[in-house]
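Here is the structure we will look at.
Note that the chains take the letters A, B, C, D and E in the order they are written out, and that residue 1 is the start of every chain.
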Amino acid sequence: MKVGIADTTFSRFDYFPVVTEVLLESKPGVSWVRYTVPGIKDLPVACKRLFAAGCEIVIACGMVGGADIDIQCAHEASLGIQAVQLSEGKHILEVFVHMREARSEKALAAICRDRASKHARNALMLLFDQEGMQKRAGTGRRQGKADKGPLKAD
Amino acid sequence: MKVGIADTTFSRFDYFPVVTEVLLESKPGVSWVRYTVPGIKDLPVACKRLFAAGCEIVIACGMVGGADIDIQCAHEASLGIQAVQLSEGKHILEVFVHMREARSEKALAAICRDRASKHARNALMLLFDQEGMQKRAGTGRRQGKADKGPLKAD
Amino acid sequence: MKVGIADTTFSRFDYFPVVTEVLLESKPGVSWVRYTVPGIKDLPVACKRLFAAGCEIVIACGMVGGADIDIQCAHEASLGIQAVQLSEGKHILEVFVHMREARSEKALAAICRDRASKHARNALMLLFDQEGMQKRAGTGRRQGKADKGPLKAD
Amino acid sequence: MKVGIADTTFSRFDYFPVVTEVLLESKPGVSWVRYTVPGIKDLPVACKRLFAAGCEIVIACGMVGGADIDIQCAHEASLGIQAVQLSEGKHILEVFVHMREARSEKALAAICRDRASKHARNALMLLFDQEGMQKRAGTGRRQGKADKGPLKAD
Amino acid sequence: MKVGIADTTFSRFDYFPVVTEVLLESKPGVSWVRYTVPGIKDLPVACKRLFAAGCEIVIACGMVGGADIDIQCAHEASLGIQAVQLSEGKHILEVFVHMREARSEKALAAICRDRASKHARNALMLLFDQEGMQKRAGTGRRQGKADKGPLKAD
């Protein structure tokens, strides 16, 4: 069972060691293939190639600049990623962090680390533990920040 | 006749019991398949897999965060859901609730419950009662809030 | 020659009698198939099914709510409708009326009626009278309001 | 070698005589097929049908209203036109004029005429003169207004 | 191994000599095919044709005007470029420069030159040096301006 990991040279954070550490710890038998591209708009075809190389799921890691045009680029990348998922019938988990999400570089790196490690776990749950996933449905899970929990409706 | 139910761990409301209660009450013979994913952008491929598992219709349940970027994510998810519907020729009913729709958690949960139960009924009408659906055409039905009724044009 | 008519229970105006009245008056031999769905985002797959049922053209009737998110929903519906048209190579005429187009319910109903009846005529012209259509090219025709006429450039 | 010309009854300018005059003058052997539809969102499938009728390139002429929703319609039309081009592997040149581009009807008509005639010439260059096209690369050509010329970087 | 170079007559900068200079210097054996079109919305089908002509990767060079509608055009072009990449399973590197990115023509030309040359190198790395690409992952590379470097998180 191979996991694809796509990442970019644009990103200011190296997600790869975070993702692989989770994979190694949580599911020792899993292997991976890495594919690095310049920026987020190059990720969809990278994912497509990782599926062609036999991956069952892909974790697509990118960083989104702080300008309005960068938000549009992320939108284009995400639509491409939707198209790849639907043509393959397989999941791609987006680990996209926006420069706008934090002011300090330190806080931004913490978001990157948290989002990448949680989505690495999500990838494994999607592959191996749908039952565990269903137990978490509706519980307000977040990646990159603390969980919100279920709505307090009483 | 199987109904697919896709939902997320991001959501702070568990739509599943609401949907299945309506299905059980309204159409005892109907069965369902559930598939839980991390967030709304993972729903389109989840729907695709539910159709592959033999579902005739899917109810896609998600919650949309309150930031602008969340609205864009919902847009991407909805476009993916459009693509799945068209490739399958089958309906997917979106039960998406936006955090922006209400201020209190209690009010939000009420919207979730109302939208999920009404769309569960809509799913059954689409499958079994096109005549009943046509009688409702142009009558201003709403899910998640009270019906508006037809325009008063006189 | 069958015309498809897709409409919604969300709409506060019942377009169906307006459309069929025009069809009956203008082209007695034409028949139609109706398909009603909950909302505008359900229209694209409804159109797809109407083509599968042998329709040569579809008139897709919907109403768009007044909030920003409703505009986005209309956009998603329209992109789905584009996709269906291109996969079928056949026209779908959108009779979409936005709640924002008028303040009073009476004025809104008048727009609905005008747009539906003119697009029903357009559907017939697309099917049977390309020559008549070409005579109207560049003449500023409007549906839902008065025609604008050609630019006064002299 | 056939050129397709798609246009609309919504437009307040009749592009057809402008386009055909250029075709006749510049390339006497070229023939054309015209297809008129109600509005810009009907143009993509019109283009598809023109390719099915044997056209090698299509000039899609439309006018875009001045409201925000009209900009969205133009966006949907353009995305449909992208899809047709890619499925056919052939060019569609968009002659879209926005009502917002000029205040007076006379100025608007001048833009329409200029854009249509220049894109008619572009269509012929794409078909017959890639070498000439390459000579113009990077020279700041505009349709609908005066050329800008290359950047002054010294 | 052929590299496709698509460019436009709309652009006010001629990217072609910059790109080919890098290709010649860095990888003498590489050849290229050029295809020039009027504007950025014509680039996706140009890329498609370059792949049909045997190119393994395409560098798509365009300039984006300064008005809001131009941003929308770039978005449409980028979505088309996504679609081509996914249907071919091959990369297209976008060298798009926005008029808004700089005030002076000289500064704009410098951005064009920098972005084009760096993406020409990226194209070669994607073709021949995935290992080198992976070494750069997460290092904050930029095209058109100075690199940002990795986040300082300590």
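Everything below uses one rule, namely that contacts are C-beta pairs under 8 Å (C-beta built on N, C-alpha and C of every residue); 3 or more make two chains touch, one makes a residue touch a chain.
It should be emphasised that the depicted structure is a prediction, and the values quoted were computed from it without experimental measurement.
Any chain touching chain A that also touches chain D appears here: E. At the interface between chain A and chain B, under half of the residue numbers appear on both sides, which makes the contact a different-residue one. Centres computed as Cα averages put chain C at a distance of 25 Å from chain D. Per-chain CA centroids place chain A at a distance of 41 Å from chain C.
Taken residue by residue, chain D touches two or more other chains at 75, 79, 83, whereas all remaining positions touch fewer. Within the complex, the chain B residues that touch chain A are 7-16, 34-38, 41-42, 44-45, 48-49, 52, 69, 72-73, 75-77, 79-80, 83-84, 87, 105-106, 108-110, 112.
For chain A in complex with chain B, the touching residues are 71, 74-75, 78-79, 82-83, 85-86, 89-91, 93-94, 98, 119, 122, 126, 130, 133-134, 136-143, 148-154.
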